[in-house]
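The letters A, B, C, D and E name the chains in turn, as written, and every chain counts its residues from 1.
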């Protein structure tokens, strides 16, 4: 599709770009104490773009901008998740970041980058979109300039990420060399027409995986994540754990489904089968490693943000696990999981954000006796944590249920078994926080005041976490219409 | 010269040297140089393939964008490095390990 | 062997040699200057690859922009007259090992594919083509790149700006 | 209509009501909770009156009673499908009864009262839900819903090592249930609803062997699934060697929770075997039945021996549960009328007897603040009524004729003897050991010279007696005249046995 | 008839219920409730008994049953079965029980738990009557256990005394061991025949559903119950200790009724005893008879002597069952119930007196010790005379009931031995006759030491008084019941009951085994029986008199220096005095062994099962670089251990996260290389 007609498929992104520019201009006009208005505007822009994205469900799946991007239902849903998650993050940030309008601009630009990631279909666009998200994330991770940890995390992030991107780009260059194409569809056709040498192709895939994997913190490309999560301002930590991850998974799914796996009849399938290297098996091993490492290391964390960092690695592992089946059901499960993960993870982070502020510590010990000092918050936190563990009747369980069901359906029993055992391990450290909150008490039981705003946000996260555990049909319907990938 | 192999070899060697630099240098700016080397190796690959493989010149265009990226990355990285230097008076990454385990 | 060919190999050797210096130089400032030569070497190679526009861009952006930036960084963050401060490195063996493994893998990769049987286009100027492509097929990346630069600008400025009002 | 749903969900609504009561008004919380738990008991008793003894249930929806069946998540064919048959109804009734009594027994809770009662009510819904669910997914949800309240109830209101015990319980049982999750999924994808042709979680469809697709009939997979499922249930029972969570959890849990744990939760493991493992994998069940019997005997003997060595009264009772649950396993491994009914009856009977024992331990603990068996002595002098009730309970536990435990054990023995002779002999040996440790305990606690420390110990209070007497009466009543209970089982058990090839 | 029996059976239960709940509040603490209940039962039994006598039909039987458990293949009916056998047993039980109740009013007066005592007595009566009345083995077993519980409760009645509590526990557990066999026997029977009903079992055996080795096994296993309950070797150890209970209890439960239940059971199941099973029964009984008698010689506690004597006499009965002399054995059960109850009540009377004397003089010694007694015949004439009657009866002197029954047994054993080709079986009459001498000897030892001679403790002697009427009257009644007349009616033959109602009405039950096999299990011709009977009578009278004479020689006339003799046969004496060290043996082996075993298992549970993964965590710690948390012992649980393990792994993995970005990059690189290498190679 040519550029002009593509525009109608590009409305949310266009709107967001326009909004960014407007906010930059508005920012110049605002006085220091009024700069929070940029935040409100950003939130409004995101909410509007959420609706705009929703409209895109009506579009038929198609390539736009000469194959640079595709708009299909999966991309739409991922964009939806991203838009909601950024909106929530902005809501999270409003009480804390009132004067620095750059924050909101950067968030919006990142969001734009993630929107692009949801639909990238060209290796140039992959690099570009990921770098757009990456660059903004580096700045956001180091946003508290006066905080050494924040800066340290940010530096590690950029060095690690730049290297990974370099490696990935290097891999892409070879992929380009093998096919002479940059568009993923064309690459696929070229690969089918002229199958590459196996070993070389595999190495290329792994090099690319290094870049894609770093974004979703797949083992062994996860190293940056704990430090960055710990150092970054907590809202940004929360942000990084959902939005970019969703976008990263979208890219991963899209790349592998289009290039490596193709369920279309005929040659495509035989190509995959003839491939000596069993990519699903490779992913399965990596998934198990990812979740196990995340869970096992999380066991010994004392800093709650760091714990959440490792737990987010584990959750990425669960999602990768469902990817190995390479079918609609797996993708649907991942999308479902992303939705519920958004709520429960943000819920937990929101509690961490408000409580670390009030308790003045990020250590888990500091949560001691919270259940009696701020009951509503603590109970909500417990619900989020148990949901993250995957206990019914909470949304997290349903999410995991679909992940495992996709895996079991494809007869990956051992993988499923390792996955559920990992859930059991994860219970230990999640319950550890709960234990601090409820099973232990402090000498002084002073109530911690929680503002109405905090509570409302908490409830906003809590309701879906519980509701989707009991009645999740709407979410299921949403994912059902959304796992369509153009290829 | 009329074969792609020398270019690929140059690309590969520079890539390896880049990775080596990234790992070997203690100074954050040094690491940044390593990254630039890696990106350059990426570029030469793209351009070489554009000449020897592609019917068009997509590779070259990608290279342009990679250069842009390199510039932006360097700018931000240096900004961060400067920030750290301001606070800690060092850019030695081995000393930036307050967060670990 | 033709002159062109000799020159080609000379540039190649020069590039690699400069890159080696970048990697192994003890002083950062040496690395920085070696990096300059590497960039230039690459520009030379680009010409052989019929990428005239790229060669120029390489010189302008890399040498004129990025390298200056890096030099600036080097100078800002350390005392150039203090020799000792930059002498130390990370474990050499470990780093070499890492590099060696990468090299082996790449050797495998390169050797596996019969690359040389592919077409070898004749030289032709590319600037116009690139211009057309960017405004047609690559319009979107081009626009995105602008936003990216805008964002990088905002970010870098924010980070680098000394804020007196903070705290 | 909807009676069963009412029974199941009244407690959870009660929990909401409790949460709305102001924190200071502890009395109101307690009274409301008692009333709330009493309603399901009344309803369940009414249902007993309506119960049709000839309907067998097990794998035939038409044969279930008080059925409610409608779609819940249509996209995945998850249904809200509940109903009772002779297998589940006695458990439902027992659950409502014990929950009510446990609430009464919780009267002296004074820490975070609201939380305690709300969680307790939630727990009750979980337990009832497990017993009434006929959709595997629903079953699983309820199964897990029990975990959370239990964790908190042990962890917050428990004894000194409560944190350890709570997390141990939690991890163990979660481990078991996640294994079940895999089996559930595997079954789901291999069973077709004969009407719609889609996959289904409906247990009854899973029981119809012809609904399974080919590969699941391959014995290997079935065996593995059976084993996974079995481990899941075994942890709950608990079957040796998965039992080590039990002593800790029981010892640290507050009295009422121990009652629930031992009285109801342990039964869920064997209930699961009856309800799910047997009808879905009858062939594998038959093949592995000898192993089950051996495990049962190990449980009986091992539990009894270890119980004898305990110095802590509550731990002793806890291990006695391990021993007594062995009878259930032994009985159900036989597929004979006497054995299966006996196993079920033992579940019912042990639920009451062990509840009594834990209540009694709680009574002592409230007064003495310790549970060292050696630290008591001669309590019968100062607490004759208590000693009398305790003796009754202990005798019931050792299988004295005239009480339910005896009937159950004898039925199990009769059922087993024709199938596994040597094992039965070993199991019968177990009752000697049981008698030994129970009498020894009775002697050390109640008989002999009064320990001067307890010169002023007070006699059991009316409230405490109120929790014990109904159970005592039932234990004797059904011990002399077990027909009402056995009638409940009969049709279902006969049908279940017929299902086993 | 059935209704009557139900009344007889259920009245004591009613009394128990009233007593246990209301006893304390009733006037006189409600003793009258129990007494009148058992009194009515007694009267009703008497009616039954008289009806039986007047009907005069050996084949009389009435049954009635209702379904109890009925599920699928598994059915148990509960019912009542009344025949002459049962009526006689009812009579015995109610008589003794009634008398003991009355006696207890005096004996237990002033006890703080008076009402509970009567409640227990009532419960016991109920259970014992049930045991007699049930028509099926299952019901019998149930009641069997219930009487065991009553016994436990009553032995441990003075629960504040550790010895009493211990004795109760010991009795119960020992009985449980016997019941283990009983239960297995029940299982064998039910598995083979599918019913517990005695007549069904009979039919089943006749039809051959249960035959051969299994039949023998079933018989022996059921007999195991009797071994426990009737305190036969080797499970006899509990009965002497059971004397810790109040004396009326000893009389009722541990002499007259409950311990005889074993005999009753053997009689009831005798139809299914194969020859081998009978031999086992006979030898156990015979050996016990002699074995217990030898212990009784040296005991100084009056009640212990009686206890061992009871064991010995029960041995006789069991032996009689074994040799096929069922009616003789059962006869001995009846007569023994009367005189042994009498002996216990008599000794109770003595003890009661001693007790009071001791209280008066503030002496704290054992009131049961016969070494402190002597010359009581003047102070307690009624007790003395009755006691003498009972002693004569047990010694087997003509004109007393014991003679009739014991003589029948001895004759039976002799006949058995004579009918068998294997001479080894003469051991049985040898056991019997030897025990008879010893019995006469030790019983008179007690009589002499208690009632004759000089008072050994004049201080106590002064305060010795005859017991109240409420206690002596039952003694007299029992004494009169120990005279031959009652058992030989209507013939009045003092040395043979052959013409009496008993021998006429109580017939040897037909053997189902014989019917199954088609030939008699045990055939003893009339001739042999007759000659054995005559010879046996002679020898037994002779032996009894010899025993008495010896006793007088030793203890009355003191012609033989007992001390010197004791010294001479010190080892034997010690053996006997310490009851052949059976308690010690059991304690050292079974009890200690069991406890040790338990501790081993508990240790196993705690350390191995619970620590299995803990252990691996321990090893892990050694191998991994991380050595922290080393001090945590072994004790953490399985989950904790898994946790430890995973946490340690976590800790090790965490170490990779060094905080240096270059190591991160290297790590990723290494991972990348690793993937490629693993996959490509």
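The working rule: contacts are C-beta pairs under 8 Å (C-beta built on N, C-alpha and C of every residue); 3 or more make two chains touch, one makes a residue touch a chain.
Just so it is clear, the structure is predicted and the values come from calculations on it, not from any experiment.
The chains touching chain C as well as chain E are A, B.
For the pair chain B and chain C, chains touching both partners: A, E. Distance from per-chain Cα centroids to the pooled protein Cα centroid is smallest for D.
The chain with its Cα centre farthest from the Cα centre of chain E is C. The interface with the greater number of C-beta contacts, when A-E is set against B-E, is A-E. Computed centre separation for the pair chain B/chain E is 96 angstrom, with centres defined by C-alpha atoms.
We define each chain's centre as the mean of its Cα atoms; on that basis chain D and chain E are separated by 37 Å.
Work out the mean CA point of chain A and of chain C, and you get 31 Å between them. Averaging C-alpha coordinates per chain places the centre of chain A 43 Å away from that of chain D.
In chain E, the positions touching at least two other chains are 643, 654, 657, 659, 661-662, 665-666, 669-670, 676, 680.
Multi-chain contact residues, meaning those touching two or more other chains, occur in chain A at positions 124, 128, 131, 135, 138-139, 142, 145-146, 155-156, 159, 163, 167, 174, 177-178, 199, 203, 226-227, 300, 428. Residues of chain D in contact with two or more other chains: 167, 171.
Of all possible chain pairs, those that touch are A-B, A-C, A-D, A-E, B-C, B-E, C-E, D-E.
Listed in rising order, the residues of chain B touching chain E in the complex are 19, 22-23, 31, 93-94, 96-101. By the touch criterion stated above, chain D contacts chain E in their complex at residues 164, 167-168, 171-172, 240-241, 243-245, 248, 302, 305-306, 308-310, 336-338, 341, 378, 380-381, 388, 395, 400-402, 406-407, 410-411, 413-415, 417-418, 424-425, 428-429, 431-433, 435-436, 439-440, 442-443, 446-450, 482-483, 486, 489-490, 493-494, 497. Chain A makes touch with chain E in their complex at residues 155-156, 159-160, 163-164, 167, 199, 202-203, 206-207, 210, 214, 219-221, 223-224, 226-227, 277, 282, 286, 293, 295-300, 425, 428. Residues 1-10, 12-21, 23-30, 32-34, 36-37, 40, 43-44, 47-48, 50-53, 55-57, 60-61, 63-65, 67-76, 78-83, 85-86, 91-92, 94 of chain B touch chain C in their complex.
The part of chain A that touches chain C in the complex is made up of residues 3, 6, 17, 20, 24, 32, 65-66, 68-69, 100, 102, 105-106, 109-110, 112-113, 116, 124-125, 128-129, 131-132, 135-136, 138-139, 142-143, 145-146, 174, 177-178, 196-197, 199-200, 203-204.
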